[in-house]
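Pasting the structures in now, so scroll down.
In the two assemblies presented below, chain A is common to both, partnered first by chain B and then by chain C.
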Partner chain A sequence: MNIPFDQFLIQTINGIVTGMILAMVASGLTLIFGIMDVVNFAHGELFMLGAYVGVLTLAATGNFWIALIAATLAIAVLGAVIYLTTLRPLIGRDPLTTILATFGVSLVLQNYALWQFGPVARKIEEPITGHFSLFYLEYPYYRLAIAVLAVAIIGGLWLFLKHGTYGIWIRATTQDRVMAQAMGIPVPWVLTAVFAIGAGMAAASGVLFGPLVGVNSQMGTSWVLRAFIVVVVGGMGSISGSIAAAIFISLLEAYASLWVSPAQAVIVSFVVLILTLLFRPTGLFVPTPK
Partner chain B sequence: MTNIGDTTSAGVARPEPTRRRLVGWGAAGASLAFGGAIFGSPLWRVAIAQAKPYKIGSVHSLTGPGAPVGKTALIGVQMAVDRINNAGGINGRKIELVVEDDETKPDVGRRKVEKLLVEDQIDAQVGGEISSICLACMPVYDDHQVVNMIGVCLDTTITTSKCNRYSFRPYDYAPAQAVAFAPYLVGKLGKKWHIIYADYAWGQSTRDAYAEQIKKNGGDVVGGTGIPIGTADMTPFLSKISGEFDGLFGIFFGADGVTLGNQAFDLGLTKKYKWAGDGAMCESTNLPGLGHKIDGFTGINRYVPVMDAPLDTPYHKAFFEEAVARLKKMDPSGPLPDRYVQSNYEAVNALKLGIEKSGFQGRDDTPKLIAALEGLEMKEGPDFPQGDKTLRKEDHQAFVREFIYEVKDGGYHIKDVVPKEKTIVPPACTFSA
Partner chain C sequence: MSRRRFFVYWVGFAVIVALLAVAPLVLPEFWRRFLTEILIWGLLAMSSDILIGYTGMVSFGHSAFFGLGMYGAAAALLGSSPPNLWLALLYGLASAAAVAAFVAYFSTRLRDIYFAITTLIFSQIFYVVIFTSTAWTGGENGLNFSRPRFAIPYLFSLRFTPAVLHWFVLAIVALSYLLLRRITHSPFGMVLQSIRENEARTRAIGYAVERYKIVAVMLSGVFAGLAGVLYALQNQFAAPDFVFFVVSGEVVIYNVVGGIGTLVGPVVGAAFFLLLREAFSRFFTEFYLIPLGVIFIAIVIFMPRGLLGFARRWLNG
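On to the complex of A and B.
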C-alpha cells in the first residue's frame, strides 16, 4: 500500500513532537526510579496539578512563561513535601509499599483536584498562536515550540546531572548510596531534591501540554500510562533511554496510524512493551548488561 | 378420649380447658383473625408504606474519567428530589436518595447496583452516565424486577437490541437526533461528510445513526475516523484527514470533546471544513476548555442553557437559576447547566409521575409502575422545563424536541427547533418474556 510522502512527513513531525512531550513526562519518572527505586504512580497527578497551577497563575498574571515557572516551582515543593511525609519513612522497605503509597497519593490528588477545581475543563491559552502550511494542514507553531522547550528542559537536566555539583551528588547517590553518605553527601536531602525535580518536570509538562487539551482532573492518566511504557522500554532509570524510547514509540504509533485504525495504532506501544519484556527486559536503549 | 392433664408428645403439660380459659382463647383467636384481616389488607399495606419514604437509588460516575458528567448529573437528581420533598413528597411519602459511585467502571457499577437492590432494598433507580456501565447493569434490574430510569446513557442499543422491560430512557437517543439533524446538515451545511467518533459503544452506534440519516437525506459519508476514548494527543490521527468533502462531524463527549475541539482547530480542519457534531462535543461544561476554538460549531442537543424561545419560560428560568447556583457550589468557575443536569432532573420527575399515576407503594407494585410509565406523556412545566415528551411503550424510549445551534463568541445561538414529532424513529425492541 502506497503512503503519500506528505502524510509520511507529517506523521514524522507528529511522532517527534509527541515523543518529546512524552520524553519530558517520562524523564521525571525515570529520574525518580533510577535514583530512588520508587515507581511513582502519582506522577500523572503532579502533571495535572502543574497544569492547574498554570491556569491559576496565568489568570493572575496573564503571562504563560511566569505560569510555567510558577507551576514548576510550586509542584516541585509539593513533590518534596510528598516525599518527606509519605515516601521517606518507607525507604528501605519492600518496594511494594512505595508503589502502594504513591498510588494512594495519586487517588488523593486526583480527587482533591476534582473537589477543588470542579469537573469543568479549564483553558490555558498558548503563548504562540501562529501556524504554517504543512501540505494540506495548518500546523501550529506551538507544537514545535513544545518540542523545542522539551529538548531545552531535558538538555538542562542532563547538563545539571553531568556537570553541576549537585548533579554529581545525585549521580554519586545513584551509584552507591552508602559510599556517597560516607563522603559527606547529604543523601536524604539529595533524594528529596530528586523527587522535587521529577515533580517539577511533570508540572512543566502539564503546563506545556495544557493548551492542546484543556485542563481537567483526569488529564495525567493517559500520559503517565504511556510514560511507564517508555520508562520500561527505554531502560528503567535511564534518562537518555527514555528519550529515545519516547520518540521511538511515538513515531511507531504515528506511522502505524497511516496503515491501521487509531484503535490499532495505539496498541503498538503495548506490543513494543511486551516484546521488550520478553526479549530484552533491561530496556531497548541501554547498553547490554555484562 | 385423652385425659385432661396428659402431656403432649413434647412432654409439656396441657392446660385444663376451664370456661375462663375458653373465653380467653376465643378472644385471642378473634383478635388474631381481626388483626390478620386488617394487617393483611391492601389498605393496611398502604398505611404502613406511607410511614416510610420511597427509597430511590442513584448510581453515578463520581470518580474516574466519567466524573465530570456524573457530578453534574447528580446535581439534576438532587434538585428534583429536593423539590419533591419540599412539596411534601409523592403521594405523601418523601424520597430517600441512596447515592453510589460506580468509579466509571462497569464491574464496580454492577456491584454497586447489586448492593442497592439487595442491601438497601431500593424501590427504583435513577441515574447512569456511561453507556458501557448502563449496559452492564441493566440485566441486574431485570433480575430483581426493579425500575431503572436511566439519566444520561446514550448508546442506541439500550432501547433497541438490548432493551429491557425494567429500563426506561426518558430523553432522546442518537437515531432520533440524527433524524432531526440530518436534513439541516445536508440541506444547509454540505452533502459530503467525514465522521470523527469516539471508538466505543456510544460513538459507534451514533456514527451509524448519522451515516444512515445523512444518506437518506441525499448526502454521503465519505470517511470515518474512530479514536479511542481518553486519547490525549489526537493530532497523529487527525492529521490523516484530508480530501474533498464538505463537513466534519464530531461525536465525542467530556474531556475527549475538548481535546478534539482544540486539536482539530489547531490543524486548521475546522476552518477548512464545515464543523458540526453531537451536542456532547460542546456541552456548557466543555465550553471553558474550548474557548474561541469551538466558535462556528453547529450542534444538536435536547437542551441548551439559553433563555431564547422556546426556552424563555418561567419554569425553565426557575430550573436554570437553581441549577446555576448549585453548579457554582460544585465548581467555582460557575458552569451553566448542561443536558446531564436537565435529563436527570426530568428522569426523577418522570418516575414521580409514574408513581403518582400507578399508586406504586413498593417493589410489589413494579408491574403497575411499568404500565404507568409505558406511553407516559410529560407536559412542559416545572417538572419538565425542556419541553413535552412521550415515553414510548414499545421500547421505553422517549422522544423530545431538539435544538440545533451554532456556537458564537463562547455562547449558544439557536438556529432551529425540531419538534418531537419530527424525531420519531420506528421501535426496534423486543422485550424478553
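On to the complex of A and C.
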C-alpha cells in the first residue's frame, strides 16, 4: 500500500505531539515509582481532574495560562493530601498494597468527577488559535505549542532534579532513604513533595491535552494504561527512558493509524510491550544492567 | 488436623452449602438472582486467590480469563442448535485456558508490581481485540443468546429454571472450592506457597519456579473462565465491559476485603462488597463507588488481612 509522503509527515508531527503529552504523564508516574516504590493507579484520575480544574478556572478567569498554573497547583495539593492520607500509612508494607490503595483512590476520584461534572464532555478553548498550512491541512499552532511546552516542563523537571538543592534531596532519597534521613534530609516531606510534583505534572498534561479532545471523567483511564506501558517499556523508574519510550510508542501508533483505525492502532503499543518483556524486560531505553 | 477441627470444618461446610441450596426456595426472585451472582463472582475471586494468596502474584488481568470464558460459551451457544450446555462449558474453558497460557508465558517472567501491570495490560489487549472485532463479537453491543437445557443424554433433560440454575452454580462453585482446596494442600500447592514465601530459596532447592508459576496462572485462568461460563448462562449475554480491567480490579478488591489465602475469603469478600454496593446504590444511585472506594482504602490500610484473615490458618489446616 502506498502512503503519500505528506500523510507520513503529518503523522510524524502528530505522533511527536501526543508523545510529549504521554511523556509528561509517564515521567510523573515513573518519578513516583522510582523514588517511592508506589505504583500510582490514580495517576490518570489526577490527569482528568487537572483538566477539569482547568475547565473551571478557564470559565472563571478566561485565561488559559492561569488555568494551567491553577490546575497544576491544585492537583499538586490534592496529590499531597492523597499521599498523606492513604499512602503514608502503607510505608514499609509490600509495594503491591500501594496499587490497591491507589486503585481505591482512582475509583473514588473518577466517580466523584462523574457525579460533580456529569457525563457530558466539557471543552477547553485553545489559547492559540492560529493555523499554518501543512500540505492540504490547516495545522493548528497550538499542537506545536503543546510539544514545546511539554519539552520545557520536562526539561525544567530535569534541571531541578539535576541542580536544584531540593532536586538533590530527591535523588539522595532515591539512592538511600536511611542515609538521606541521617544526613538531615526530611525524607517524609521529600516523598510527599515528589508525589505532589508527579500529580502536578499529570494535571498540567491534562490541561494541555484538554483542547484536543473533550474533558470527561473517563479520559484518565486510557492515558494511565498507555503511561504504564511506556513506563515498563522505558524501564521502570527511568525518566529519560520513559520520555524516549513515550515518543517511540506514540510515533508507532501514529504510523499504524495510517493503515488501521486508531482504536486498533493501540494494539501496536501492546505488541511493543510484549516484545520488550520477551527480549529486554528491564526496559528498552535504559543501559543494560550489569 | 485434629479430629474435632476436622469435624467442625466439614459440618460447617455442609451447613453453609445446605443453607445456600435451600435459599432459592425461600428467597424472593431478586435476592435469589443476587445470591447466584455472588456465587459466580465468588468463584472468580476464588480463582484469583490461587495467584494472590497462594503464589504471591497479584493478577490485575482476571477479567481477560473471565471474559474469554464468557465469549467462549457464547460462541458455543450461538454456533450449535439446539444450544448445548456441555459444549458451552468446553468452549469457555478451552478459550480461557488458551488465553491463560498465552498470558502466563509472558507475564510470569516478571515479578511483583511488574507482573500486576503486565497482566493488566494483557487484559486490555483482549478488551481492545474484542471491542474492535465487531464481526465476531458484536463489538460494543456484545452477544445475546438463549440458555441451553440442563441435559445429560439418555438420562434427563431439564429446563434451566432460576432455581435449577442456582443449584447448578452452587454445585460447581462448591466442587471448585473442594478441588482448589485439595490442590493447595497437594505437593504442587505447597511449592506455590513456598514460591510466595521465598522464591529464591524455592529455586535453589531445585524447583522449576517458572513452570510452576505458568501452571498456577493457567489453573487460575481456567477457574476464572468457568466463572465466565456460569455468568454467561445466568445473564444470557456477553459484553466487552466484562473484559475491561475494572472487573479485574474488583476481583482484587474481593480478595483483599475477604482475606487472601483462604479461598472462602474471596467469596465472603464478593458477598460483602456486592451487598454494600446494593445498599449504597439505593442512596447514592450510580455513584456508589465513592463510599465503596473509601471503605476499600480503609480496609487496605487498617485490615490488611481482610475479613477472614483471623481464620486463615484454621481454614488452611
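The rule we apply is simple: the second predicted complex is superposed on the first by the 282 of 290 C-alpha atoms of A that agree within 3 Å, B and C clash if a C-alpha of one lies under 4 Å from a C-alpha of the other, contacts with A are read in each partner's own complex, and residues count from 1 in each chain.
Quick note on the criterion: a contact is a pair of C-beta atoms (placed from the backbone, for glycine too) under 8 Å apart; a residue touches a chain by one contact, two chains touch by 3 or more.
It should be emphasised that the depicted structure is a prediction, and the values quoted were computed from it without experimental measurement.
Trainee: Once both complexes are superposed via chain A, do chain B and chain C end up clashing or fitting?
Mentor: When both complexes are placed onto chain A, chain B and chain C end up clashing with one another.
Trainee: Per the contact definition in the header, classify A:Gln7: touching chain B only (first), chain C only (second), both, or neither.
Mentor: Touch status of A:Gln7: first partner only.
Trainee: Contact-wise, after the overlay, does A:Leu114 reach chain B, chain C, both or neither (first, second, both, neither)?
Mentor: In the superposition, A:Leu114 contacts both chain B and chain C.
Trainee: Determine, for the superposed model, which of the two partners chain B and chain C contacts more residues of chain A.
Mentor: Tallying touched residues of chain A, the top partner is B.
Trainee: Mind working out whether A:Gly44 is in touch with chain B, chain C, both or neither, as first, second, both or neither?
Mentor: Touch partners of A:Gly44: none, neither chain B nor chain C.
Trainee: So in the superposed three-chain picture, is A:Tyr136 touching just chain B, just chain C, both, or none of them (first/second/both/neither)?
Mentor: After superposition on chain A, A:Tyr136 lies in contact with chain B alone.
Trainee: Please indicate which partner A:Val266 is in contact with in the superposed arrangement: first for chain B, second for chain C, both, or neither.
Mentor: A:Val266 sits against chain B and chain C alike.
Trainee: By the touch definition at the top of the document, which applies to A:Thr97: first (chain B), second (chain C), both, or neither?
Mentor: In the superposition, A:Thr97 contacts chain C only.
Trainee: Examine A:Ser257 and indicate which partner it touches, taking first as chain B and second as chain C; both and neither are also allowed.
Mentor: Once the two structures are laid over each other on A, A:Ser257 reaches chain B alone.
Trainee: So, A:Leu278: does it touch chain B (first), chain C (second), both, or neither?
Mentor: second
Trainee: Just which bits of chain A does chain B share with chain C as contact spots?
Mentor: Comparing the two interfaces on chain A, one with chain B and one with chain C, the shared residues are 110-111, 114, 261, 263, 266.
Trainee: Help me check something: in the complex, which residues belonging to chain B touch chain A?
Mentor: 63-65, 67-69, 71-72, 199, 225-228, 230-237, 239-240, 242, 255, 258-259, 262-263, 266-269, 271, 285-286, 288-291, 330-333, 335
Trainee: Across the complex, what residues on chain A touch chain B?
Mentor: Going through chain A, the ones touching chain B are 7, 10-11, 14-15, 17-18, 21, 110-111, 114, 117-123, 125, 131, 136-140, 142-143, 209, 211-219, 221-223, 253-254, 257-258, 261-263, 265-266.
Trainee: With touch defined as at the start, can you tell me which chain C residues reach chain A in the complex?
Mentor: Where chain C meets chain A, its residues are 58, 60, 106-107, 109-110, 112-114, 116-118, 120-121, 124-125, 128-129, 131-132, 245, 249, 252-253, 256, 286-287, 289-290, 292-294, 296-297, 300-301, 304.
Trainee: So in the complex, which bits of chain A are touching chain C?
Mentor: Residues in contact with chain C: 39, 86, 89-90, 93, 95-97, 99-101, 103-105, 107-108, 110-112, 114-115, 225, 228-229, 232, 236, 261, 263-264, 266-267, 270, 273-274, 277-278, 281.
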